[in-house]
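One chain, chain A, links the two complexes that follow: it is found with chain B in the first and with chain C in the second.
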Partner chain A sequence: MQGMTNAIIRAEWFKLFRQSRTWYALGALLLLQVVLLLNAWYQGGSILDMLLDNLKQSFHFQGELLNGHLLVYIVLNTMWFHLPLILMIVVSGMLTTEAETGTLRTVMMTGISKRRYIASKFRVAISFTALTVVLVALTSGSLSYLFFGTGDLFVFHGALNFFESPDAFFRLGMAFIAGIFSMVFFSVSSLLLAVIFRETVKTWIVAAFFLIVSNLLLQMQIGQGWTRKLFFANLNDTWQLFFEYHINWAEIGVSLLILTIYIAAIVVAGIWWFDKKDIA
Partner chain B sequence: MRIFLMCLGLLLSMNVHAQAELSLDKFRSRLDGIEAFKANVKLETDIDFIQMPVKTAVMYYERNQPVKVESEDFVLVPKRGVDLLLSEIF
Partner chain C sequence: MNISAREIQKTYGKTTVLNQVSITCQAGEVVGLLGLNGAGKSTLFKILMGLVSPDHGEVVTSNPHKKQLGGIIEKPALYEYLNARDNLRIFAEIQGAASDSEALNAGLRRVGLDVHREDKVGNYSMGMKQRLAIAIALLNDPPFLVLDEPFSGLDPMGVIRLRNLILELAKEKGIGVLVSSHLVDEMIRTCDRIYVINRGEIIREDSPRVLVDQATRSYVLTGESLDQSEVLKGSGAHFQGNSARITDPHPNIGALLKELGAEGTTLYSCVPETDIKMLLHAGND
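After this line comes the complex of A and B, so read on.
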């Protein structure tokens, strides 16, 4: 049984990296980072001047704030929209392409368990998402530190927060780890949508709509107290909590736990839906 | 007797005042003799909307030159207050 599951997972990985879409997506993410770095190179100084203009009237600044840490933080902000969008396109394509080309029907005729088949897709989707976030962290880190060096990280999160270089490095690393949970949430959601809609373009449109609505709901900060904590949209900025001056580990832990429950619920719903539905 | 005590008190206070003036003059002349100095300083920010750890820096003073503060970290140096001249203390 386990051997069969492993074989399906290996096949899924093979199919995923055989798709040109996957390489285009990874290439786009790398290119996006280069564009962000170039933008920072040209405009970073003036943006910082604009943000810190009032402060500069009263203080002399000693040291460089436009450094690798700030650049990694800017790349981290692609987790709001760019990164989940690209991940959703690739991950949903793992099923919709097969459904459209007839591969899915052929595979199902071989007698593979539907549950095991879709569960393997969810497992590969989660691993691929985590790997992509790690790749983004490594590439953005190496490019940013290579060209801009290190220094204190300056972020605006409730107040003007300044973190010393080792602390900044730790917080950025933890933010990427927390970000994996949010990205996995969007990835498995897109795979659930693929299970429901089966058509590539239709799934992309609904997935993009879901992402946009999630971002809008996040900005609205719906709910009070526990309802606010439980609402899925409010959990997707958990990684930002690492940039509060005093890290609230308990709040981050609870948010990530709830997000994990949502992810598990989406995976279970996806498996159930796929198992229930006929393969046309 | 009372007049004697009052005169004694007046003389003593004049003496103390004169001694204080003398000490101050000595101190002032010693400060005037300082051409330059270097000091390790700790900078602590106490502003509502700024959160920053305590920073260390080196402060350089040279007579008739603006005070310089150097640090390997990022530091905020107030534009007013640090640029003191020793002669301005008194």
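After this line comes the complex of A and C, so read on.
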């Protein structure tokens, strides 16, 4: 049985990377980083000088402030909208395309278990999402450090925080790791939406709407105390906690654990729904 | 060995799509399901394939097999961005069938596809897609095959090739084949036994010979100098070029052909022109 599951997972990876859509998505993410770097190249220096002119008179900064760390942090901020949107498009397409072209029907006529098939898709979606975030981290780091070098990182998160270069490198790395959880949350949500709607465009619209509403709810910070901590929308900026002056590991750990429970619940709901519904 | 659907009932909302439908197919038999679009053919086949759950009734097989049924529903659905070999390999792997090069070549040859062709399936004709879909359906050697509207979208040569393939699978490999279509002519030429379905109900089950008698609206004869034939002139035939159409709804075609032979008229063919609606009306009567 495990051998058959592995075969399905291998087939999913094979199909995913044989579709031009996947390569367009990865290309778009790379291009986005290049555009951000070019923008920083042409405009970043002057904007930073304007913003930090007064601070520079009072503090000593190590290296250029427009450096690779800052640019990686800017790329990291694509996790608010750009990255999850692209991931949702690719991941939901893993099912909606098959449903629309009828290949889902052909697959289901081979006699394989519906549960095993959709569970394999969720596993591939999670792995693909994690790999994409790692890829973004690697490409943004490579390009940013190559062209802009390193130096102190300053970010505004509640207050203006400065981190020395080695500390900044560590925090950015950890933020990407924490960001994987948020991206996986949106990916599996889009696959659940694909299970429900089975149509590409409808799923994209609902997924984009879900992403926008999640961001709005995050800004609103709904709830008090534990309810605030438990509300899914408030968990998706956990990666930002690495840019507070003191890293609150306990809070980050709890947030990521709750997010993991949400992810597991979404996967279980997706498998249950897919198993229950007829294949048209 | 046989497969049966017994008293299948399926309703969508207030619409009854299938009402107490029962059909059966033996190993090596080609069984047809003839009906207009929307009669319930695809739904019945989806239920047979386990894609859709019936509200009532059951699908029963006399001799359980690892994979009881292979099939194509509505159209051959393939990964168009992959070549034929990769399509076959993917479907083989996910169901635990042999997927080595030798097995894949054998699968492609079985349905008459070129094993050396490497371009995407998206470039294939509908007939070739049908053949590849059948190769996929035959993975793991199911004893029964379900083909929903397999002749739709095929050119005349494609229809002939597919029909020959179906007959070869049934008569030489002993596979029971269930075929649905709204094309009476093709069903008569292909099937051993035919169910007629109308508005979700099986209204008759007959041999092709009986259906030819009841569904034929006219016969088209082709031959030499047919317009000179006194026999045909007496039968009220309409002439056009080398052909003559006899529109008498119940001609004794056997006797007519004998008379033409005795007259010395050279005939090349005699083709019945059928109309499915005549079967539906006959069934309702």
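Everything below uses one rule, namely that the second predicted complex is superposed on the first by the 269 of 280 C-alpha atoms of A that agree within 3 Å, B and C clash if a C-alpha of one lies under 4 Å from a C-alpha of the other, contacts with A are read in each partner's own complex, and residues count from 1 in each chain.
The working rule: a contact is a pair of C-beta atoms (placed from the backbone, for glycine too) under 8 Å apart; a residue touches a chain by one contact, two chains touch by 3 or more.
Keep in mind the model is a prediction, meaning the values are calculated, not measured.
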{"item": "Contacts of A:L65 with chain B and chain C, given as first, second, both or neither", "value": "first"}
{"item": "First (chain B), second (chain C), both or neither touched by A:K15", "value": "second"}
{"item": "Which superposed partner A:D278 touches (first chain B, second chain C, both, neither)", "value": "second"}
{"item": "Touching partner for A:Q224 - first (chain B), second (chain C), both, neither", "value": "neither"}
{"item": "First (chain B), second (chain C), both or neither touched by A:T103", "value": "second"}
{"item": "Partner chain in contact with A:G111 - chain B first, chain C second, else both or neither", "value": "second"}
{"item": "Partner chain(s) touched by A:A7 [first = chain B, second = chain C, both, neither]", "value": "second"}
{"item": "Superposed model, chain A: greater residue contact from chain B or chain C", "value": "C"}
{"item": "Shared contact residues on chain A - chain B and chain C", "value": "none"}
{"item": "In the complex, chain A residues that touch chain B", "value": "55, 57-65, 151-152, 154, 159-164, 167, 245"}
{"item": "Residues of chain C that touch chain A when the two form their complex", "value": "46, 49-53, 66-75, 77-82, 86, 90-91, 93-96, 133, 136-137, 139-140"}
{"item": "Residue numbers on chain B that touch chain A, as the complex places them", "value": "48-53, 57, 69-80"}
{"item": "Of all residues in chain A, those that touch chain C in their complex", "value": "3-4, 7-8, 10-11, 14-15, 18-20, 101-112, 117, 278-280"}
